[in-house]
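Think of it as A, B, C and D in the order they're written, each chain with its own count starting at 1.
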Amino acid sequence: MFFGSDNWAGAHPVIARRLSEEADGFSAPYGASELDRQVEQKFNELFEREVAVFFVGTGTAANALALAAVNRPGGVTFCHREAHLIEDECGAPEFFTHGARLAPVDGEDGKIDPHNLMTEIKRFPPGFVHTGQPMAISITQATEIGTLYRPEEILAIASIAKDKQLPLHMDGARFANALVALNCSPAELSWKLGVDIVSFGATKNGCWCAEALVFMQPDMAKDLPFIRKRAAQLFSKTRFIASQFDAYLTDDLWLSLARHANDMGQRLQNGIRSSRHARLAWEAETNEVFCIMETDRAESLQEQGAIFYPWNPPHSKLALLEENEVLLRLVTSFATQEAQVDQFIDILG
Amino acid sequence: MFFGSDNWAGAHPVIARRLSEEADGFSAPYGASELDRQVEQKFNELFEREVAVFFVGTGTAANALALAAVNRPGGVTFCHREAHLIEDECGAPEFFTHGARLAPVDGEDGKIDPHNLMTEIKRFPPGFVHTGQPMAISITQATEIGTLYRPEEILAIASIAKDKQLPLHMDGARFANALVALNCSPAELSWKLGVDIVSFGATKNGCWCAEALVFMQPDMAKDLPFIRKRAAQLFSKTRFIASQFDAYLTDDLWLSLARHANDMGQRLQNGIRSSRHARLAWEAETNEVFCIMETDRAESLQEQGAIFYPWNPPHSKLALLEENEVLLRLVTSFATQEAQVDQFIDILG
Amino acid sequence: MFFGSDNWAGAHPVIARRLSEEADGFSAPYGASELDRQVEQKFNELFEREVAVFFVGTGTAANALALAAVNRPGGVTFCHREAHLIEDECGAPEFFTHGARLAPVDGEDGKIDPHNLMTEIKRFPPGFVHTGQPMAISITQATEIGTLYRPEEILAIASIAKDKQLPLHMDGARFANALVALNCSPAELSWKLGVDIVSFGATKNGCWCAEALVFMQPDMAKDLPFIRKRAAQLFSKTRFIASQFDAYLTDDLWLSLARHANDMGQRLQNGIRSSRHARLAWEAETNEVFCIMETDRAESLQEQGAIFYPWNPPHSKLALLEENEVLLRLVTSFATQEAQVDQFIDILG
Amino acid sequence: MFFGSDNWAGAHPVIARRLSEEADGFSAPYGASELDRQVEQKFNELFEREVAVFFVGTGTAANALALAAVNRPGGVTFCHREAHLIEDECGAPEFFTHGARLAPVDGEDGKIDPHNLMTEIKRFPPGFVHTGQPMAISITQATEIGTLYRPEEILAIASIAKDKQLPLHMDGARFANALVALNCSPAELSWKLGVDIVSFGATKNGCWCAEALVFMQPDMAKDLPFIRKRAAQLFSKTRFIASQFDAYLTDDLWLSLARHANDMGQRLQNGIRSSRHARLAWEAETNEVFCIMETDRAESLQEQGAIFYPWNPPHSKLALLEENEVLLRLVTSFATQEAQVDQFIDILG
């Protein structure tokens, strides 16, 4: 019963096999191989336009380098108060931008509220050096708490971004999960709505280590080759990342894997909904499920072999918890089996 | 009618004179002169203990280097959501700490609420690398909105700091104003309550350019000489800062100046309280006064020669303002004359 | 005829196979798995002491984080004038140390001259803030130009390091090649000579992506978990790195691979030595060979399918080249076949 | 006998007086006052073109922010091996540029040799991420060792800068001393030769604290307002810097002061030239004089009240010193009296 995170899973067999096939032979390193070019072309097709793609090793690297690409002195990036950027990257975004700030924006359900976004941006009069200067907006899709921005919600934020001439970044560590849940194409959920940069995650969804940073306007990435190398994220044998993406993106494998993870998430959520011993913290829509139960019961489940972790409650949900209760996050993945879910629901009771 | 900020004033004549006296002769540069030693000794006496003192050129430098001295990778400093550190230093604290974060803590009246502080700190489980690690707590005294922490309020925060082994920094850009308003000695308002580092400002209160960074435990500052030099804040002719402090601290000049500034602030506040055309945003206790009036009226006052600026409303006060209203900050200083205050109240009506 | 670099090779079949075996199942991420623990234990055995090991994704990351671990404000690391740190990492060491400097030390044959090292260190009087402060010494073994420090040469440098209380770092991107060439054990070539930190490279020698940062005194690495996470180098599915090391270090596979690479290097060097159309730039001892030939001839070889690159001449070797000549680097690897070498020598003539 | 450095002097009476006159009254802070505008206009006239001027507090700040303005990821600035940037700023240039490197270029007499400069630049193939990328060239005028670049020497370097599209920075901590020694106007010694940015120092030459960063093409400085604020170098009461420059630049006071300093330097040099107990290390042309004597004698002079310091020998001059000898730097200033010089020569014998 592994619900600790989607990265407890290993690699999908098709991806593992494809990776093995690359073991032999010689190939230009540092992103210069034929395979690198082919996979980059796949991204062009995927996004239905010419994009600039950079492979990196971790989701944190993708996010941090996205902001580094659009960095400004005294820069401020607006993101949700509980964004992964703020809560889970140990200050990497600030470090890679030499101290640019992440300004927290409140909003329900893990999503930036456009009205609050405007309020925060207005605190920065243009050219006023004391406050620093806005440099980007970042949203997470699917969000950190398993919810989804609807296309029109992204559009509302993108409209502010455009008006303020701020690049719009999407942390897509679980981009695939969002796509299948919303039944959108990559283009429909990104640049067609005004998204400029996507951290395109694949590690959580079946790869070993494959993250891509995708710029919709290649010009925006003109310094990225140097930024990535300086960040120690230019891998020498890049074909090992490229080949994973090659298998991942072929025959819609990635979408099938995400669909499975989401289905397992919803199966788990449904089970919890009918439990007498736990309640849903909110309605999740992807492969992350959040529930509340008594602390004792959570510990008992862990003793019975269920793996999951407590989660810091969002600021807007602090009142949901009673004193003896705990908020839990349970994550499913491409590798989660129905039987695991059912077993968990069974012991939960 | 100069209420733009206390730094619209120049220098007090006694300080200006003392500075001129240092023009002649030769003296060891870079903080090595006899006068530097004498003034450092004055700080020991002032704080009733042996402290480590570093002169720097701006309040932003003092604050940023205070945090740099206690910096940790992935570090997080807890401060009020509208602290000067966050709102007015263009990211300098993050820059000088290589990206350490300022975590905003909500609280009424410009002051950190200890309960909220605990809630925020609890989001950082010890040793958990994803969130980063707490590295300091910073409070501002007097606060950015003219209010004051009472000694027992500081004690409550210091008790959390001690429990979590976090250094407690005080941004004392207006430390003198706080001291006279609370009738405390420097020691009583700092280390006796658990404050470890004070940004001791003098520029706003009658100097040209004199800021000191004071460490109550000299050990905490062992890297500071290199940090300050690397920060381009080691002035060559330091005697020009030392001599200002020399005059500033002699015969309680600094406290007299702060008392005058506060008196003028209260006179201004009383005048506004009885106005039909403006209302106090909250009760200020020092030399910064905040009021709300119609935007048209504010502009009319400016046209009649009054200098002041609109202020970003604190997040907890967003509801105070009607649509056609504006929040204004008015600041008095050692140089403010009664007649200026009375004239302003008069034209306000 | 692939002599571009050792990272043109892929992965050794044993390592590829071992990696595939890890595809299935669930495992604690972020370095917390049982396998991570086992492989860390292997490093203890390898180095014959308890070491602190951190897996990272690139050699640049290993080097840069090694220096970040011992970082000081205004810090200066002494390394050879043509060290990889200086010439090939796009400023990553400076970036990850917030600007600590790499001070170039001249020396013949790619090796720091201890006398020059002392001369450079003496430029930094203790406590003198203007110059900054020494923070580390870094050597490369095998060196960037295919030569080797003899144990007694390392000892001479380590003795200076110890005297000046500076940690001694070894960039071991080709550590295995050095070990087999010198017939030393890892302990004999590191801490027994006074080396404190080793960047232990495996990628160039048969892995896909496996680098380890090894601290001989675990205390020196106490901030490294946060430093690594902030650097975006904490991989979620770390078992994919651990498993490569597992295979790499089992049954001395790594030493066999390095021995083969060195043998191929020497075979290539011998061939060049007897050529009429090229001459050795200097005697290499490992898997990197440097020769000089006319630019036209180099281009002709490339047209005939040989892959190699020109190399920036060391400052001490600038006089070696005639105007129409070029310095070339040729690198062999675990995957280089004798036939490739012989074919190259054949067409070289 | 104060020859420790030119910053052992205080402030010239005219400048001190002008500063005092600014003590009264109210004035817009943060560079927004009428006086700031007037002094900026003086710089336009001085340089015979529209320049962008930024006041900062230290020479290190001016130099570091000059490079920050033209910063690039993985950037490399070429400067003389013993430039102040490298030897005396505790890593500030690297810190403020987030780790951009200073590449040392050898050259006689404290001056970059254009041939060596080309050799170093050629090590950076365009677009090659591993080496990083050239971002600027910096020269010091007058140099750190009291010599001068002739206009045609600057032209040769500027021609390389132009060809490689690199901005050319001049560290002018002693710009005035160079101007009077070469009998050039500011324009003739800067942009007319191809210099893009000047660190225009005034502190060493009679001010208390007045440094200006001057950009010949204002576009190059478009981020500087935020960079300076983030660097904690935006002073609140900027009129205190502006007023010093106002007096400094009026009636050619600055040139008179520099001329006196140079004259004293030459008088000192002539005295040493005829001494039996010391010899000139090289011919200085401004107010810094370098001589070699026995260590015992140097100590004896210090005991007799002469203040001066030993100096790290330039790499190209290491052979000048016998074992028991020391290289000394002696600096004169606007405040040096003939009698001091003569007394020193007298006791030197």
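Operating definition for what follows: a contact is a pair of C-beta atoms (placed from the backbone, for glycine too) under 8 Å apart; a residue touches a chain by one contact, two chains touch by 3 or more.
These numbers were taken from a predicted model, which means no experiment stands behind them.
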* Interface with more contacting C-beta pairs, comparing A-D to C-D -> C-D
* Which chain maximises the distance between its CA centroid and that of chain B? -> C
* Structure fact -> dist(centroid_CA(chain B), centroid_CA(chain D)) in Å evaluates to 34
* Can you give the whole-Å distance between the Cα centres of chain A and chain D? -> 50
* Per the centroid of Cα atoms for each chain, what is the distance between chain C and chain D, given in Å? -> 39
* Which residues belonging to chain C are in contact with no fewer than two other chains? -> 30, 73-74, 89-91, 95-96, 98-99, 129-130, 132, 226, 229-230, 234
* Asked: Draw the chains as dots and join the ones that touch; what shape do you get: line, ring, star, complete or other?
  -> complete
* Of chain C, residues touching chain B in the complex -> 30, 68, 72-74, 98-99, 127, 129-130, 132-133, 223, 225-230, 234
* **Parts of chain C lying in touch with chain A, wherever the complex brings them together** => 2, 4-5, 7-13, 15-17, 19-20, 22-30, 56-61, 64, 89-92, 95-96, 203-204, 208-209, 226, 229-237, 239-240, 307, 335
* To do: Could you please specify the touching residues of chain B with respect to chain A in the complex?
  => 73-76, 86-91, 93-102, 104, 119, 123, 129-132, 312, 318
